[in-house]
Each structure stands twice: as structure tokens, then as C-alpha cells.
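Read through the structure below, which is laid out as C-alpha cells, and then see the notes.
Note that the chains are named A, B, C and D in the order they appear, and that numbering of residues resets to 1 at the start of each chain.
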């Protein structure tokens, strides 16, 4: 499955890019699975996800929890807790 | 004792004037005493004070209760419950 | 801390700019604008006349404002209240509360409105299309709103007998 | 019901006029303006940069606004949020709630702010005079503020693991 990944704020800065298109291997079912797989891709990812409790996720632009299944998602975003307003 | 009386809103309309200077006889101690004395001055006053629970008073521009003594007041105002804002 | 009682209209944006100019400690500005509604109890109105008690009005608004500053950390406040003859849609009252904390700004603005509605000596008369003018009744809900704030000394404002 | 995400500044007075024009059912208009403070934790800042997630931002703000309309009798609402590089004193966010009831307008405006602060995908970076930029931490008090409103489904917005 090919998905579009987006990174914002310090997640973007640590990973060093604002997004990328990735082919996910089978076995990645939930958001948490994806975080673990990404963390193993290199030190920049490992650092971005070092404190997973500080990283939020959105599937197709909706907030989700770690245990949410990816399903047939097209766009996945990772970012810190929001600080607007 | 001479006092300046002021009337507002429908109290003013019922009494037919916006204010007057009156010499109060001895024995008028509280705001309630004054209301009773005024009510006896004529039908327009009687009608204005017919429902004393609907008339508020201020002594020298401060809200007061019926039992408040007039003291050495100079200006006494009577008006309906306020409806600004 | 500023209060104004005036016949003229006001501009919310201009008042906010003037009140907060040069103060970068402020992070939150809440405004309340009260306007003349086009109908009263289902009857269309053509105008609303606001009578007030000059002198006491300013004194009460200043007291209301001072009470708010004693309760919340406010950087600036403004109360503007109009009098005279107004039309549906016209502005009646403006309250602004500026603080570094947004909840303080919200609470103070709501307090200023609840308190001034029950204490500032203004009276509204609504005129309907038939030319009849009716004095607006004080609303029980306004007194209930005030009770939330546990104001001491306000029970002085009661019936005259 | 209108939302805007923009780099440009806004004028509170002009936005209120535009939002309420021609509607004389409205009697109460509450606005909240959030501005850039000149210091963060005692350090003066020279600029604040707001990053956002285009698309999701608009969707979240629309959801927040729709939730408010489901809870209060509102005649009109507006949310404007800026992004890009801002300076101390600059406007960040504007929320307007217009209703025939003043408490509905106050509560809805405060709800809109509490909710958007916890759900709209914006991130603030503050730059101090030494040129160092720091991402602003999410505040526990903002989550506590949100808890007051008993939002269902919002627990979906949690940690990614």
C-alpha cells in the first residue's frame, strides 16, 4: 500500500522533510505499527518518534489514536500537540 | 430638610415631572417613610408608588434599600428596576 | 480603565486598537456588543429610547469596572454605553476586557455585562409601529445571572419599600 | 458560519459589521481576539511563526464551528486564524459568536476558542532576540479547559502510541 506521509512542526524538523510517499509492507495495521516501522528507518525517524506520547497522528485529515487501523487511508500526518489559537 | 428629588422612566411619567425640590417634614427617617409621605401628596404620586416593590431608590447616586435612613442626603432618586446593557 | 456614556455610536475595532495599543503583555481581548433587536415579544419595534441618570450612571459603571479589576488580572477594560433614541440593529453597549489570560478576559467581560445590567441606571423604552411606547421590564434572568458572581453589598439595590 | 485561514491581518469591527449586517434578531455579539505576546516565559520574543496543516485546518475549524451551533442558539459565527510570521502585538485568531442571548454568545465564543486550541492543527514557534526558535509546548491548562465541555469523540485526538 502506498501512502502519503506528512510531517509538521518539530516532527518535520527532526525528520528533515515535510512529507514523502512510502510503500508500506504488509503487517502494518495500526498507527502505532506504522510509528514503530518508521522509527526503524533511520536515526532522524528514531529521534522524531523517541517520545511517541508527544506525537499526534491524523488519517486523511482526522485526528486518530495509536490503535486506530490505517484501513484504506491515503494521507497520514504526524505532528506535535497543536498550539494554535 | 430640603432635598432634591429625581424621577426616571415610568416613575417620571406617572408623577409628571423629572424632579422637584421639596421640604421634608420632621419624622421622615427612612426611604420607606419618604415613599409613604410622597404617596399621600396626590393621585399621580399614589399611582407611581402603587407597587413599591417595583420602585428602586438611590441616595446621592448610590442604590439603597427601603429601610435605609435618609441621613443628610441632598439628592434622592426614584426609578424602576434598571434595564440597560 | 475607561468608561464612556454617550449618544454617539462606537466602532468595536477602533476601540480595541486604542485600548490595547502599545501593550504587548496582552494576549487575549474579549468584547461584548449589545444591539437593538428588531422585535420585542414578537412585535416589531421602530425605535428604542434609552434614558439614564447622568452622574450616577458614570459612578455605577466605574464601580462595576473597579470590581472586575479586583477579581481578575486585567490589563485594560472599557465600558461604553449609549443613550438617546436608537434603531433596530444599532449598538447599545460595548464592553472590552483585555488580559494575558483568555479565561480571565472572558469571565471579566461577562461579569461586567451581568453587573452593569443590574446596577447601571439605564431604562429602555421600545416604540412599536403603532407609535405606542412601552418600558422594558427588568428580567428575572438578569438577576439570576448576577447571583452567580456572589456580589457582596449588591443587595442594597432592592425595592424602595 | 464562516471560517478563514489566512496570512493577512483582520479588523474586528469590520468583521462584526459584515457578520451581523441586516440581521436585527441578533442582540449580543461576543468577539475573542488572540494576539502575540511580547515575551515567552520571561524572554522577549521578536517573532512568532505559525505553521499549519492546510486542508485539515479548515476541516477542523468547520467541525468546531458546527459543534457550537449544535449546542447554542447562534445566529452567526466566524473563525479567522492567521498563519505565517507574526510580530508581538499582531493578531493571531478571531472568534465571533452572535446570538439573541448574551450568555449563549459568551459561552459559544469561549467554547470555540477552547476547542480550536486543542484540535486545529496549528503550531507556534517563537524566535527570541538571539535568533533561536523554540516550538511552543501544548499547555495542560488548555486540555483542562476543554474537559469542561464534555466533548465526546475528542479523545480520538491522543498520543500516536
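Simple rule for what comes next: a residue touches a chain if its C-beta (ideal position, glycine included) is under 8 Å from a C-beta of that chain, and two chains touch if they have at least 3 such contacts.
In this text, all values refer to a predicted model and were calculated from it rather than measured experimentally.
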Least hop count linking subunit B to subunit D through chains in contact = 2
Request  = Return the chain whose centre of C-alpha atoms lies at maximal distance from the corresponding centre of subunit C.
outcome  = A
Note = Note: subunit D sits from subunit A at a C-alpha centroid distance in Å of 25
Note = Cα centroid separation, subunit A vs subunit B, in Å, comes to 73
Ask   = Out of subunit C, which residues touch more than one other chain, so two or more?
value = 34, 113
Key: Residues of subunit B engaged with two or more neighbouring chains   = none
Query = Can you name every pair of chains that touch?
reply = A-D, B-C, C-D
Task = Show which residues of subunit A lie in contact with subunit D when the two form their complex.
result = 6, 8-10, 31-32, 35-36, 49, 52-58, 61-66, 68, 77-85
Task = Provide the residue numbers of subunit C that touch subunit B in the complex, in ascending order.
result = 34, 50-53, 55-56, 59, 81, 92-93, 113, 116-125, 135-139, 142, 155-161
Remark   = Residue set of subunit C touching subunit D in the complex reads 11-16, 20, 22-39, 88-89, 100, 102-103, 105-106, 109-110, 113, 145
